Amino acid sequence: MSTDALDSDPELDTLYADFEANHLNPLWTQLGDLMPMVPTSKAVPFVWRWSTLYPLAQRAGDLVPVGRGGERRAIALANPGLGGVPYVTPTLWAAIQYLGPKETAPEHRHSQNAFRFVVEGEGVWTVVNGDPVAMCRGDFLLTPGWNFHGHHNETDQPMAWIDGLDIPFVNYTDTGFFEFGADGVTDDSTPDISRSERLWAHPGLRPLVGLDAKTSSPIACYRWKHTDAALAEQLALEDEGFAATVEPGHAAVRYTNPTTGGDVMPTIRAEFHRIRAGSHTRSRRDVGSLVFQVFDGKGRITLGDQEHSVATGDMIVVPSWTTWSVDTDDGIDLFAFSDAPIVERLHFNRTHFPEHA
Amino acid sequence: MSTDALDSDPELDTLYADFEANHLNPLWTQLGDLMPMVPTSKAVPFVWRWSTLYPLAQRAGDLVPVGRGGERRAIALANPGLGGVPYVTPTLWAAIQYLGPKETAPEHRHSQNAFRFVVEGEGVWTVVNGDPVAMCRGDFLLTPGWNFHGHHNETDQPMAWIDGLDIPFVNYTDTGFFEFGADGVTDDSTPDISRSERLWAHPGLRPLVGLDAKTSSPIACYRWKHTDAALAEQLALEDEGFAATVEPGHAAVRYTNPTTGGDVMPTIRAEFHRIRAGSHTRSRRDVGSLVFQVFDGKGRITLGDQEHSVATGDMIVVPSWTTWSVDTDDGIDLFAFSDAPIVERLHFNRTHFPEHA
Amino acid sequence: MSTDALDSDPELDTLYADFEANHLNPLWTQLGDLMPMVPTSKAVPFVWRWSTLYPLAQRAGDLVPVGRGGERRAIALANPGLGGVPYVTPTLWAAIQYLGPKETAPEHRHSQNAFRFVVEGEGVWTVVNGDPVAMCRGDFLLTPGWNFHGHHNETDQPMAWIDGLDIPFVNYTDTGFFEFGADGVTDDSTPDISRSERLWAHPGLRPLVGLDAKTSSPIACYRWKHTDAALAEQLALEDEGFAATVEPGHAAVRYTNPTTGGDVMPTIRAEFHRIRAGSHTRSRRDVGSLVFQVFDGKGRITLGDQEHSVATGDMIVVPSWTTWSVDTDDGIDLFAFSDAPIVERLHFNRTHFPEHA
Amino acid sequence: MSTDALDSDPELDTLYADFEANHLNPLWTQLGDLMPMVPTSKAVPFVWRWSTLYPLAQRAGDLVPVGRGGERRAIALANPGLGGVPYVTPTLWAAIQYLGPKETAPEHRHSQNAFRFVVEGEGVWTVVNGDPVAMCRGDFLLTPGWNFHGHHNETDQPMAWIDGLDIPFVNYTDTGFFEFGADGVTDDSTPDISRSERLWAHPGLRPLVGLDAKTSSPIACYRWKHTDAALAEQLALEDEGFAATVEPGHAAVRYTNPTTGGDVMPTIRAEFHRIRAGSHTRSRRDVGSLVFQVFDGKGRITLGDQEHSVATGDMIVVPSWTTWSVDTDDGIDLFAFSDAPIVERLHFNRTHFPEHA
């Protein structure tokens, strides 16, 4: 079928006009765009530098108040391929959030699932359904859908961290609800660990209250000391000759829901990867989109054909089916999150390991 | 926080310009659009008439050849709210497909999940992985993701039917793969029932080959006689005084995967509803989008504030969180499909029954 | 460690006596019995003849009334290896039940799961929670745990059928509850099919009432015409060159719970096997115990080293890990039930195919 | 139906004799025993004293060597109601195992699931598939079915602990396999924590190797410090006014499989309960059998109508459907294990809270 030939036919022109008038649209003229041979994301691979992000957040801290209405002083990563919408990937939203000394971000809740990851600083507590959760370097915090949450800074220093949400996905699928809560936070105490952790963050143990499988993890915060220890042990076991790492020099943990063993939230996967000095990861590409933040160290990440040097705080987006690998001379720690639970629960997951040249 | 005040600040203007230059985007200026209080779909409620659809399909049959490249003579319903993209809802694609006498639509496969529903006509066989499946009025056919399929018309009459796919969702999430197959169909025989049905379409029985849970239903076609009988029995049981219907006068079945009891495919739910003469359904709204096709009879469907008279073949779209109800003087049969499996597997499902005035 | 040496030691004798006095028991003297190298059932392979069973049931019909207290005129198969207890295997109970003209077996319920299978006759209705279920040759009926049920014979002819329950398992694990119900049956109407079937026995369809996964199948009766058709289709597909049978000449279906795709009840699996004239099954042994009833035809079943000729109505028990195979000159139809769901849900399942000599 | 009347009938006597000769057994004469109204276990409530158990184990240590054949110096609790078989309940086996200075119990594996719980002492390593696991007071160790395991004592002191297995269940259901392994242990190193723990015992984290759901927990040992901390936190949260305990003064954790959130092994549930000084538990009875060992403190346990004073090391058996409660003046710590996974996976579970007098 030659579309050139078709296009010059006046009867056909009338037909196409009639289609349009009746809110119809022929498949045959646009099949390739609608159904490409492999995932062809509009999103592009990109790197945001911490050295850019943090100063801009500071300037926003000076100029923009935080409070009811705007809700959060969060600056979103807008993937350059997505035409200006504030989405880091088609499904994921990622931002740097900044809270000045003694500031409070008021409570609200929404069906969107959210997490925080702290690359530097401390002194803010996120209050989740009345449970204050200290935020410190390396901690991974959850506020799953429809839990009230606010943030307050108890110190004389500002603090910034990374937020990750499924805002684009929820917006696109028309599944979002939002509700305002208290203007302050409902508990301004400042414990070292949350009640949630005291109940749930014991290895392999669960309380006898609430024995069902929960939609999202009941652990409000995954502390750095545990993540760090788990990664260190994997590399130590590798040194001792035992299978423990993903591949030589590459330790990794997944944050999980202890009531199911699965992902922490229905739409977002989170992992932490440690790549030993002098090591590299195997090139791979997966269906679904992925974001890294360098937590520590430095290295090079190859995205498709292009290599980027990255260092602490830098954020890297890997669109669906983009080949990526990391290598490092000095060692690198990477926090990672993705939409893999969406892809896997709907059975679209595939992984491909390109041949090495 | 007054955005008016903020907007007039030159320092702030510079900040916002710097955001944009660095592919960043503040949350506080756009929160309401990104995270509305309830689902606020761009898609609008709409009705397409069979009396419009079918003649346009016929004209396409006369003017547009079917074959490799365009692949299918399918004319998609383009929701008027979605800016011209060929999507009936943000997640779903629906089209009338038309195949002339002796025509063949060549084989291909894709990760998108697809079904066909036949509102009139017969004489086409869909060949799924080499298994010919007759298409007749009232039949519901599956071609789950990554199964090769083609269509061929063995008669001297054209035939049209409805296709439903998750093309928008797959496109949006960058999860699609596509592969061409045979130019003809791999088996041009014309049995009354498919091998798949002979193996799998026996109530409560499964063959001892393939005892695992399958991602999608192995039943290639759900025949009208079974659907009709199931609905008739529900109404008869209601007449006899037993609980069998959804509500008085409203019988309904869900098409299921016999290996799990769940939906036929990971992303698409399909149901059939029969509303008895003089009955109506309770007003409701759900998270997720829904499409009806009138299979038989006529009635009125209320979408939000607006009532539409509908008759055989008409297609009606109900965007997420839109209140709908049906009432009928003479009885109406409705085929329905939706993205409910996506919504439910990711735990965004909610239903609301508005109070009656 | 020589147990001979140990046994002659007086200090040890005292120790063993002290063990006994304190309700203790050393492992080391009895390990082999407690933990054999492979399953070594006390139950033995055995065949009961229909030509024996049926006349004995008739005599019981003449001599023993049926009614409240004894509840059922059921004569249980007592595996000769099990020391006189009325268990066909360690976990399963099987009996021939006999109901004379116009007799009624009163209603009761129990946590034990039960089924009936009809090898000949008709005219009895089993009433399950008030739903009358006709019993005819080849039908497989369920009364899952804690459903009230009674039987009544509406004809002038007696009728006999097979009952299968998990009585031994429930007795052994102390999990049984029992409750008397109505002295008659709560609905003495005699429809051809039950309301349960009218709601649930449509291939791949489920009513929109009760959309959860159910513990046991909601289908009260799996009719012979469906079972027969499914088996006939498998053999026809085999003849046409397609994969449909377990092995050449061996068709088989499993009865399933349409809300899960799994077994009909939590403790009992039921299947139907058809072996074509001139065919045989591959020798195999499985963990778990299995009972066959010949439904039609005749053949030879090999149990361990011994071959038995079997014909319609004969019942054959295959204890755990006993090698079995069937061959037939004229074709044979076999109903089968087992404790496989217990074994599989607790992850003890293994299968072994011995090499052919 | 009067069984007296029936018994005196000579025709009936002949019938019953014919039943017996043909390995058949009438239901109506024994229904009450086979299918009681509520679970009526042959097992009885009973208490074994640590002050009895430990000295007898010591004497066995002096008199009975440990090694290949007898395999383990384990002395099983024989429920007085079960006629001398070495079963603590119909489904569970429990024993005190004793290993002298420098002794080794050789490696083997079996399909039976096993755990160890340490009420006093240390110095033994259990080697599970080559991974040495230190045993210390309060630790709970797993050797799930078909994992090779041996024990070796590296000290000059003997050590005793509790073994729990599903030997009776496996024996009864004919599901057991057994295989001998190395005569010594395959790794005689003595690390403080096992490799399994280094990989898996981090709260809410799992390694990226082996992402499937595992049949049994991959955590070889649940250390006392975690159990103790989890219980202490629950009571502290209760003191602070938050819901964290089962009931006032009663903290409890369940040991879980981190890959599923469910029980550690398919047949055995294990929990730890701490009852605060001056508190008591609510009377309850459950389907399934339960065993406690007092880990610390003392109190009174009421089993049916009888109250028993219990102290450290004492073992208490609660047969199915036996009402029990605990109260304590000084506080008590209780380790508990049961067959609840069997009962729940087969849907026989029920719980009843008797009214307080």
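Here are a few things to note about the model shown:
When the chains are written out, they are named A, B, C and D in that same order, and each has its own residue count from 1.
As a convention for this text, contacts are C-beta pairs under 8 Å (C-beta built on N, C-alpha and C of every residue); 3 or more make two chains touch, one makes a residue touch a chain.
What you see is a predicted model, and the numbers here were worked out from it, not measured in a lab.
The set of chains in contact with subunit A as well as subunit B is empty. Taking the mean of C-alpha positions as each chain's centre, the chain lying farthest from the centre of subunit B is D. Per-chain Cα centroids separate subunit B from subunit C by 43 Å. Spacing of subunit B relative to subunit D, judged by their CA centroids, is 52 angstrom.
Spacing of subunit C relative to subunit D, judged by their CA centroids, is 31 angstrom.
Contact with two or more other chains is made by no residue of subunit D. Those residues of subunit A that touch subunit D in the shared complex are 195, 198-209, 211, 213, 217, 219, 222, 226-227, 229-230, 233-234, 236-237, 242-246, 252-261, 264, 271. In the complex of the two chains, the subunit C residues touching subunit D come out as 1, 3, 6, 9, 11-12, 15, 18-19, 22-31, 34-41, 43, 46, 48, 52-53, 56, 59-60, 63-80, 84-86, 90-91, 93, 95, 110-112, 145, 167, 169-179, 215, 266-267, 287-289, 319-321, 339, 341-343, 345-348, 350.
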